[in-house]
């Protein structure tokens, strides 16, 4: 019978993993909801966020809050990349078949991940935690690093900010409208093309931020993009493609299933996650909080 | 007039001369191409002819490979049993998985095919006792070619061949038969019904086509041939590994299909040839093959959406309609 | 031949079709008319199994076919054409019609015979009947709107229906095209002994060929009978001549 400290620690680690996934998956969900495209390259943006954070830390060091600067810088760099890609290349594919759009995002994965290899090599990189958050608390007998707690607090904060922007601001209204009916929005005189670019930029920002923030916790290596994108797919499927809170819920569920799965059925934890995804698709394809797509 | 030339037959005959003409390396590459050509053509039955985009076709490839590997290495069964078994087991799995997949549309269909493929991968990855787990199953034996070898040695004109050459010929013959069968299928009334589903599934319903049933049938047939390709590949590759079912394998075969052109029957086979040949060439100069492939894909998407076959056909049409002929 | 009994369908809170009943006698030409949004297409979708009614029954040839899947309904003798042209765009005109024959004659699961030569005689005869024989090998997606509508008709006829439902068959046509189209439909119906049920906006068309007219307004039947009676009906006049007070 596992003791409380242990259960608590596992649960917390599941929640932390969930927050990172939420950051990435929310960007994926946003792009899907508005642009109706599954962006395979999203995992690669996440990876680039981690690498950029590493690079910036190499240049400016970690003291005096520099880490936050690095994280922000990385997220902005990735956001800029996303914007350029959308503007220059992706937008010409909107009128083509969906399959071609998907293939394009996959081509981006190939290109960008090799570019990362060229710039940073194949050795794994690590980033130390920012000085302010190197300690740990003892809660219920479990050791919980400050950084993890920070991430746990940050996740919902970002979720709420995001939700607020979507529900209460004008820009958010436009985004939601574009997700529902692009043509009418265009007919109303809104610059839908520009909107699409901003959505892509925002989603890339979130992905890059996720990567930058996870850099102190996990090694940054090539191949982290293909791993994480499948995880992100699982999350958005469980929660509901295009549903914001669905993505949050999906991430939470995924994190808990994975961390307790590893505990009780170590051999089948990866199996469990995909079985869950398949089950959701078979029983309720539009996810827990999604709406049936016409 | 050019269309009357039996290109496919000529290519097949020429393919028989590869071991005689080239080194071991060329035979190796040709063998690779032949197997992937079958894999890609099987996917095209779903993507190009029925309009169903699957992200998890590698599941059946992997299942076929493991079936043949397990039967030949662990159960010591002959290739003559292990090879068809690959197709049968893959087909049964395709029936089960496909039943759930065809009830969904488009993106959900694609996601479920992906989920099932990842489940297959996870099972292969973790089920150490049966599948060898993460290490896979190395050293799958070649089929026994003693009988054939004795006949060939008796005929001086044919020269001598290695085991890998015999295996290449085996693959060539089997793949040719499979492609012939697939060609009959797409040219049949069943194949025509599939294209109606691709063109307009709603209208297909209204001409009496039970769309789900046909899609499931296509899914199973595609799965069977992918399984057969996998069975051949496991032996060729001298080992069966979990990544045969991983989603990146599915994306490789999807790219080949699109690269070659999913609008024609031989497009995917051409795509397989192009991709593998290109890979071999480039990998000898640089390790950054994904970068090159990605760039080629981008160019293709913007300039030749019909794939290579599409581009060649378009070019040929333009040449045929030259000012002289009109 | 066809009986619709108290069929109802709502979407969310909106009642699209509310308790609609009428009959279509064998061999007749019947029309359903009504202003935009009256529920005509929804009613068609309910009859042909594309939608399932919340309540009510659809009886065809004394057989309850409520909510039967479209692919089964075709085999019972009901055919349909669509308002927005619904063909197989990358197939040729010939292949479009041939596909319908292949499906209808039950050869769909044949995996080995080459399809190219099947049903050549029937396909060509039908193409000739709808006036598309010269265009047989053109890609159907590139045809003009009027030709596509002829093809639509052809596909529906290849299924050898007894009852043909036509959803706004002359939508988007010029006056000449409309006249030709209606003449063609009338002739085909007479030649093949078809019963027709169609929806239309063009009143001239309706009153010129229908034996029986059912008028829908906001999902309910407000008049049903011979054209002369319907024309005189005060309710119909009110709805059509725009009395929205």
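The first chain written gets the first letter, and so on, giving A, B and C; residue counts start at 1 in each chain.
In this text, contacts are C-beta pairs under 8 Å (C-beta built on N, C-alpha and C of every residue); 3 or more make two chains touch, one makes a residue touch a chain.
Just so we're clear, the structure is a prediction, and the values are computed from it rather than from any experiment.
Asks: State which chains count as neighbours of chain B and simultaneously of chain C.
Replies: none
Asks: Closest chain to the protein's overall Cα mean, using per-chain Cα means, please.
Replies: Central chain: B.
Asks: Comparing centres built from CA atoms, which chain ends up most distant from chain A?
Replies: Greatest centre separation from chain A goes to chain C.
Asks: Counting in whole Å, what is the centre-to-centre distance of chain B and chain C, each centre being its mean C-alpha position?
Replies: 43
Asks: Compute the distance, rounded to whole Å, between the mean C-alpha positions of chain A and chain B.
Replies: 34
Asks: Can you compute the centre-to-centre distance for chain A and chain C, using the mean CA position of each chain? Integer Å is fine.
Replies: 50
Asks: In chain B, which residues are in touch with two or more of the other chains?
Replies: none
Asks: Note which residues of chain B are touching chain C in the complex, please.
Replies: Result: residues 184-185, 187-193, 195-196, 199-200, 202-211, 214, 217 of chain B touch chain C.
Asks: Write out the stretch or stretches of chain C touching chain B in their complex.
Replies: Contacts found on chain C: 48, 69-72, 74-75, 79-80, 82, 86-91, 95, 98-100, 102-104, 107-116, 118, 155, 158-159.
Asks: Under the touch definition given earlier, write down the residues of chain A that touch chain B in their complex.
Replies: Touch residues, chain A against chain B: 38, 89, 92-93, 96, 98-100, 102-104, 106-111, 113-115, 117-118, 226, 230, 233-234, 237, 241, 267-268, 270-271, 274-275, 277-278, 281-282, 285-286, 293.
Asks: Where on chain B does chain A make contact in their complex?
Replies: 47, 53, 100, 104, 106-108, 111-112, 114-116, 118-119, 122-123, 125-126, 247-248, 251, 254-255, 258, 288, 290-291, 293-295, 297-298, 301-302, 305
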